[in-house]
Structures are given as structure tokens and as C-alpha cells.
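Below, chain A partners chain B and then partners chain C, in two separate complexes.
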Partner chain A sequence: MSSRFDFFLARDSWLHRLDPRVKLWLVGLAGLTGLIYKQIAVLAALLVLAHLLLLSAQVPVARMRWLWVRLGPLLGMILVLQPLFAPGPGPALIRLGFLRLTVSGLLDGVSFALRAAALAFVAAILFLTTDPVRLVQGLVRLGLPYPWGLTVGLAIRYLPTTYGLFVTISEAQQARGWIVDQGGLGRRVRAYLPILVATVIAALRLSNNLGLALAARGLGYPARRTALHDIRFTASDWLVTALVGLLFGAAVAVRYGLGFGARPW
Partner chain B sequence: MTTRRVQPLSLAVTAVMSAIVFVLTRMVQVPTPARGYIHLGDAGVFFSAFAFGPWIGGLAGGLGTGLADVTSGFAQWAPFSFLIHGLQGWVVGWTSQRWTGIRGLLLSTVLGGVIVVAGYLFAGMILSGIGAALGELPMNIIQVSAGALVGVPLFAAVRQAYPPIVHLGRQRR
Partner chain C sequence: MVVVEGVRFAYPPLSPEVPAPWVIDGLELTVRAGEWLAVMGASDSGKTTLCLLLAGLAPHLTGGEMTGRVVIAGRDTRHHPPPALADTVGLLFQEPEAQLFNPTVEAEVAWGLENLGLPPAEIRARVDEMLALLGLDLVRYRAPGQLSGGEKKRLAIAAVLAMRPALLVLDEPMGGLDPAGRAQVLAALSDLRHRDSATIVMTESDPEAVALFADRMVVLGEGRVALAGKPRDLFLQLDRLSALGVATPQMARLATALNRRLGTDFDFLTVDEAKTALGECLG
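Showing the complex of A and B:
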């Protein structure tokens, strides 16, 4: 599958071999840690840890650079807008009309930018190292109803097919003189209608055939379901689960027991 | 594990509509006169909800936009997008089924738009801070308005050009 539709990188690392449920646990608790702390040092440490984990999973530096490039505009916007619109207490360094720039506002901006970057890289640990099929299997084993899991799996499978439909129809319309980048925004947006109508109808025909195929395979009949490649917890899965739980417990105790990490600095 | 009765056609329509929402969110970038881009993911959510009701609309909206976030490198937004667009699809589908005609269409479109704008403002406050969330507000309003501008006529045109849509994905209520 093209990387435009799939974030997963197939490698043979310890993170790739971990059960998807453990990675959900790891990413969930690391994400929560990023949300309960505002301390710049803690968020920076979380960001560095996420990079180290990705490196240990043989994720190429180029892929991490790609993620930084994607995050760049968002981080820039946070660094500029957060201090301007939410300056916080303290004397103004610069005053521009009703806008004030303060040290606490700037630190808040850095803290939120670090949080955004840390959460993006923490989430990348799950999606870069987990095959979508195994991830769906993990979710089903955690209690997601099987039809929902199958829907997610089918949706992922049909991303390139649906995009292919859209591209074919767009190219056919372009050959007939379809132009999108002229006029105001409303006109440009409405220019997509003929393409979208044809794409949606083609996709609906596809879903009709897919529904028939699923029915022919017996979907909907009550039966004990088996899996060709099942997932199982190993000793290392239990070990990582316990370690992550302990670390998160310590992070919560330090944050709420000692009151550390509520401020950016 | 045993399965409850599942309607294969509803499941297939939900999966394919999720893929449509994904393509409209991730791949369709409409150039704006200010040299930026907007996506048409909301048009897909509005269409799914009008055509197939709250459950397919909600699932397709949440799943399609969530997958788009994951593959574009903004995975931290995926849970929020799933909830916000899932709720948008559900409310738009439910409202348009309860109140038919122009009144229902208008009411559901406005409610769907408010959910998206308020939802991303709230999510932005958590992930990026109140300043950045407020800064994104105008763009989110433009984005969801463009989605409605395309989603409503898209539904009308597809229903006219492809009558079997009425039978597709008909679900138990």
C-alpha cells in the first residue's frame, strides 16, 4: 500500500513485535502524561524519549524529519498565536494595541508547542510500528465489536481503491476542460461537484458489490469466529505493560502528590 | 466469540463512505484565492449523514477523518476528529431524518457546523492552547461552510442520478 494511505513501516524490532494492546497502553499513558504536565523540561524529555523509541524500532531519521516538516506550520502557529492571544500575567515585553507579549505567554507557547510535538511523536510510535490489521485485531480483543473492527479494516483496504476512482474521474474531467483554480472560493469549491457526484456513485456501486461478497462469505450468521493469525500476550508484553504502568503511576504521583509540573517553568 | 446479526450491505457502505471521507479530507485540496488550501472532508460527512442516516454518517465521518489524521502525521488529533466528526455525522443524520425538507436540511447543516467548530475549538484548547485554537477558528468556519456548500448539492445530485441509493445501506432503527 502507498505511504499516502499507510503510516506503518514494516521492520523486525522489539516494538514491532510487541502486542498491539501493549502499544495502545504505552501510547495512551504516554499521551496522558503529556497532557497532565505543562513543564517544558518534562515535555522535552517525553519528546526525546519518543524519538529514542522510534530509533530503537528502526524508524529511519528521514521519516521523523518528514513528521517534523508536517508539524512545522502547526508548531509555528502555536508559538506565535498562543503568546499573543493568551499573554498571561506579568509585565508586557512588547505592546501592540490590545496585544501584549509577556514572558509567561512566551513560555506557555513553548510548552504547548512541545506538547503538540511530543503527542504527535508518541502517537507515531503506535502507527509506525503496528500493522493496521494487527491493530484492528487488538482493538477487537479489547472489546470492539467484530463488525466495527471489520469496518475499520475494510475502510483501510478501500482507501487506495477510492482514491483511484477519484483520480481517474478527475483526469477524465480535466481532459474535457475542467478547471478548478479560477474565481472565488465558493466557485472553486462548487467546481468539484461533477467529479464528486461521479466518484460517489462509483463508490456506492463498489459498496453494493462488497456487501454481496460479504453476505456470500456468511457475514451476519451467528458462529464462533476464528482467526488465521491470532495475537497473544508474551512475557515481554506483560513486562512492558507493568513497566509502563509503574512509570505512569510515578508521573501521576509527582504531578499531583508533589505538585510538580503544573507550570511551564 | 459469536456475532450478532450484521447487515453486510450497511457494513460495506460504512467502510466505503469512510474511504470517501478520507479521500475528501486528505487528498482533495481546493486552492483558495489566498494561496492556501481547504479540504472537503465535511462534504463527505454531510453527504453520508443525509444519505444513510446517523449511524453510517457518524461512523463514516469519524473513521474517515481519523484515518486522514493518522496518515498525514497528526495522529494526536485522530481521537478528537473521530469524536467530533462522528458526532457531526450522527447529529446531521438524526436531524435530517426527523425533520425532512428544507427546514431539516438547514437545521442539520447548521448543527453539524456548530459541532465541528466548537469541537475543534475545545480540542485545540487542550492540544495547542487557547491562543492557537482561537487563531484556527476562522479557518474552521470556512472549512465547514465549504463542506456544507458541497455536501448538500452533492446529496441532491447523487439521489437524482443514482436512485438505488435509497435502498443502499438501509439500517435497522
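Showing the complex of A and C:
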């Protein structure tokens, strides 16, 4: 499977060098900030901050664009469905039968879409800049048993691989004349079914072989596991941990102390 | 080192009503310590299943039914799960992609050693050694997914060899390698064997590699040993090997043809041996 579907981008940036535990802390607290605020300006700021952090980690704009394209359908659905099915209070701008469109519903839609995008890009900071081996080490240092940490690492590693399998199988089927992108929605869904079945079978085979390989190479060997490159907290890790904690504390204080940010506008 | 006694093995049946066929059916095999044994046979003759049995993966992880016993260095695989055998048995899978899951070449070779709990300095030394031995030092920090097919195969071999197992089980190690890659792999195996007195069990469909390196070969047919002996003796039995679906070295075919037509008794298997034998014959 080509590495074009891997999440992790190997670079030499300050975010890459950061201890994975700090990045988990950063991503966790930034994600929580995205969840406690509804304010469009705050969520937009969080989204912009995530982009700036990714840029500072030398993540190419093309990779961010790739993520935007993948998020597009989800965000579109939120923008359309949220205002229509949860219009909220206020006078109707438009009525379509039992459906009505309101300003508060529209703002809620924008807020939820921004929140989804912000959370996705915040998570991308972790996945795009953290070597999976170091991520597993971080999780284990946080108390997760190694097999569990490895499972998380492998899930992250194999999600894009499974997507890659889907793309490869889809391209192979289309090269042999299978048409997937014509006709109505129902026909398209049916056209993708054989591709999905083949992908699931290939993924199961891959996971079966992987399980055998892990056992053959000593996963579960009765010895304390060591590491070629161990992770260690440095001064900059402590600094970022403290800074992120302070910013989150301030965000919580503003949100619940001053009551700011509970509404989209 | 390896004792396989009366082993029968069947994978789990696809349906409870239909019993699964025995893939291995009454296999008897002994491999001495330090021996290089080649296992040949047609597709579906049970070669890969034999590898899984030797590593203890079958039936522990594959499921299925097994009778008889497999003993590796005095340890019965029925009572020792695969991870506990990882310091003794190293298994190279036929498809290298299956065993490459780390983000870099270096991490891939180090992973098994970390499981064994070796000190970091020892891990580094072994990683350095294996990457140099298999010509992978220039791609040390590259993702395995970015390597060519031959490089992936060499990486998978490096990851197994680094663990210095007493028994190396290699399922088609030359498959997908170019001539330079094959030479590197064979040299690395040969080196390891002489240095660590490793025992090697290698399934291989390339008769030239078997003729060059194996001390002994067995041919599997219908899940049991159909032929056993030294490659030099077996490769001249063209008809029997052909009936078992096994390829023979070109030079063995030439030697047999000359023996039949000219009444000679050539037994060369390689080009170099043929040059010497024919040179002596022609004066």
C-alpha cells in the first residue's frame, strides 16, 4: 500500500519535537474549548489557530486543502440540516411546509460547522505531526497498557491504509469498466457496494496477517519492553504544557465566569 | 532443533457442516541444529502452513484442528504461545507488507528487539548491523510504504534476522527480489548461519537458490513429505519432481539431458559447476 495515504508527515518542526503527551494535552484542551464555546468568532479563531500551528509544523497547504475537501460533505450537511431541522426561536425568514428557516438556526448551523472543522483540524495537529511510535510511547507513559497503546497507534496507521485500499480497489474496478459516478443516488450507492465488500475483505485479510506478524515478532513476549528512542519531557514541553493549561483556564473562566460564548453571536 | 511428529492440521471449516480438509496430513520432519533445509512443493502443498506451525502461529492464532506435535528447541508449540517462541523462532512471511507497520525502516527493525526487552545500545547496534548487511542504511528514516518491493522484502528479512533467532523460518524469501537483492539476502542468511549457527527452514520455489545454499531439501505433496534428500540427488530426479510440481535448476536439466544422451554422469546444478565439469570433460 502506498504511503500516500499515511497521516503522519515526518518533518523537523517544534511541534514534531514536542513530547506526544504534551500534544495530547494540547489537542484535548483545544478540543474541549471547541466544545464549550458556541461563539462563531471563538470557533473561527480556534480554526485559524489550528491552521497556523499546522503551518508552523511545515504541514503543506495541499494537505490542509485535502482535509477541507474530505470535510466538505459533512460541513455542507451540517450547514443545511441544522437550520432546517433545529430552527430555534425567532421569526421565520422562509417557510417550506413544516420547515422554517430562522436567523438563529442559520447561526447555529454555522457554529456547529465551524466547531466540526475546528475539532478536525485540532485533531490533525496530533496525527500529522506525531510519529505513531512516539504516540504509542506517550499513551503507554500515560498509563495505557502497551497492547492498548499499540492498538490505538495501529488504528491510526491503518485508517488511511484502509482508505487507500478502498481507493485502489475502486480505481481497479473502474479501470475494468465498472461505472460508479453516473445515475441517481440509489444507483451510485449500489455501484459502490461491491467495492465496499472487496475493501472489507481485503482489510480483514490485512488485519489477520498483521495479527500473526505481531505475535511472531514477540508482542506479548514475557519481558519488560524497552525502546530504541525513549520519550523525555524537556523544558519546552513543560513550557507548552503550562501555556496550554493557562489558556484553557482563561477560556473556561471567560466562558463560565463571564458567561461569554454560550450563543453563536 | 525441530521435530515434527505425526502432524495433521486443518484450518477452521468455512461451514460447520463441511469438515475442512487436512492441509498437513501426517507430516514427519526433523531438522538438525545448524542445518539449512529447503522446503519445496506445488502451490497448496502446505508449505506456508508448515511455516505457521513451526512458529506456533498455527493453531494458536489461526484456529483449526491439529494432532501430533511440533517441538522447537525442546519446546512443544502446543504449550508455548507464539510470543514466547519469538526469541527462538523468527518467521518471515511471504508477503512483506503484512509485517511492516512501523513509520520508519529503523523503527521496523527495532520493534521486535524492543519486545524482547534488549537494552537500547544493543538494539541500536543490531539495527545498524542489519541495515548495513541488507543495504538499507540509506533508507533508514524512510517510511516502509515508500520502499520498492525488493526493499520491503529486505526490510522484513532484516527485522527478523535482527532478533537472531536460533530457528529462522523463511516463507519464499527470494520472491519479488531482483538479482542484486537476492544476492544480498542470501549473503546475509549465509553470514548469520555461520556466525550464529542458526538453523534455517526455507520454503522456496527458486531451485537455483536451493541448489546453492540448502544442505537438504524436502518436497511436500498432499501435506506430507513426498521426497527428501540432498538437493544434488533430488534435482536430478526430474520426472519425480515434475510430477510433484517442483521446478528444477536449468543446469540440472542440462546435466540430466547430457547423461541420457551421452551416458555421462554429470551432477552439476549451477553454472559454475557446469563450467568446471564440462571443462574437465572437454579437456
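One rule holds in what follows: the second predicted complex is superposed on the first by the 184 of 265 C-alpha atoms of A that agree within 3 Å, B and C clash if a C-alpha of one lies under 4 Å from a C-alpha of the other, contacts with A are read in each partner's own complex, and residues count from 1 in each chain.
The rule is simple: a contact is a pair of C-beta atoms (placed from the backbone, for glycine too) under 8 Å apart; a residue touches a chain by one contact, two chains touch by 3 or more.
Everything numeric in this text was worked out from a predicted model, so none of it was measured.
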Problem set entry | Partner chain(s) touched by A:D230 [first = chain B, second = chain C, both, neither] | second
Exercise. So, does A:D131 touch the first partner chain B, the second partner chain C, both, or neither?
Worked result: second
Exercise. If you stack the two complexes on chain A, which partner ends up touching A:L26: first (chain B), second (chain C), both, or neither?
Worked result: neither
For this session: Examine A:D6 and indicate which partner it touches, taking first as chain B and second as chain C; both and neither are also allowed.
Result: both
Exercise. Which partner does A:G220 reach: the first (chain B), the second (chain C), both, or neither?
Worked result: both
Exercise. A:L53 contacts which: chain B (first), chain C (second), both, neither?
Worked result: neither
For this session: With the two complexes superposed on chain A, say which partner A:L206 touches: chain B (first), chain C (second), both, or neither.
Result: both
Problem set entry | Broader residue contact with chain A after superposition on the shared chain, chain B or chain C | B
Exercise. First (chain B), second (chain C), both or neither: which does A:L18 touch?
Worked result: neither
Exercise. A:L106 contacts which: chain B (first), chain C (second), both, neither?
Worked result: neither
For this session: Using the superposition described at the top, list the residues of chain A that contact chain B and also contact chain C.
Result: 6, 154, 157-158, 206, 210-212, 214-215, 219-225
Problem set entry | chain B residues within the chain A interface of the complex | 1-20, 22-24, 26-28, 30-33, 38, 40, 43, 47, 59, 63-64, 67, 70-76, 78, 126-132, 134-136, 142, 146, 149-150, 153-154, 157-158, 161-162, 164-165, 168-169
Exercise. For chain A, which residues count as touching chain B in their complex?
Worked result: 4-7, 31, 35, 66-67, 70-71, 74, 77-78, 81-86, 105, 108-109, 112, 115-116, 119-120, 122-124, 126-127, 145-148, 150-152, 154-159, 161-163, 166, 180-181, 184-186, 188-190, 192-193, 196-197, 199-201, 203-204, 206-208, 210-212, 214-215, 219-225
Exercise. What part of chain A is in contact with chain C in the complex they form?
Worked result: 1-3, 6, 8, 10, 131-133, 154, 157-158, 206, 209-230
For this session: State the interface residues of chain C toward chain A in the complex, per the touch definition above.
Result: 52, 55, 57, 60-62, 81-84, 86-87, 89-91, 93, 95, 97-99, 101-104, 106-107, 110-120, 123-124, 127, 141, 143-146, 159-160, 163
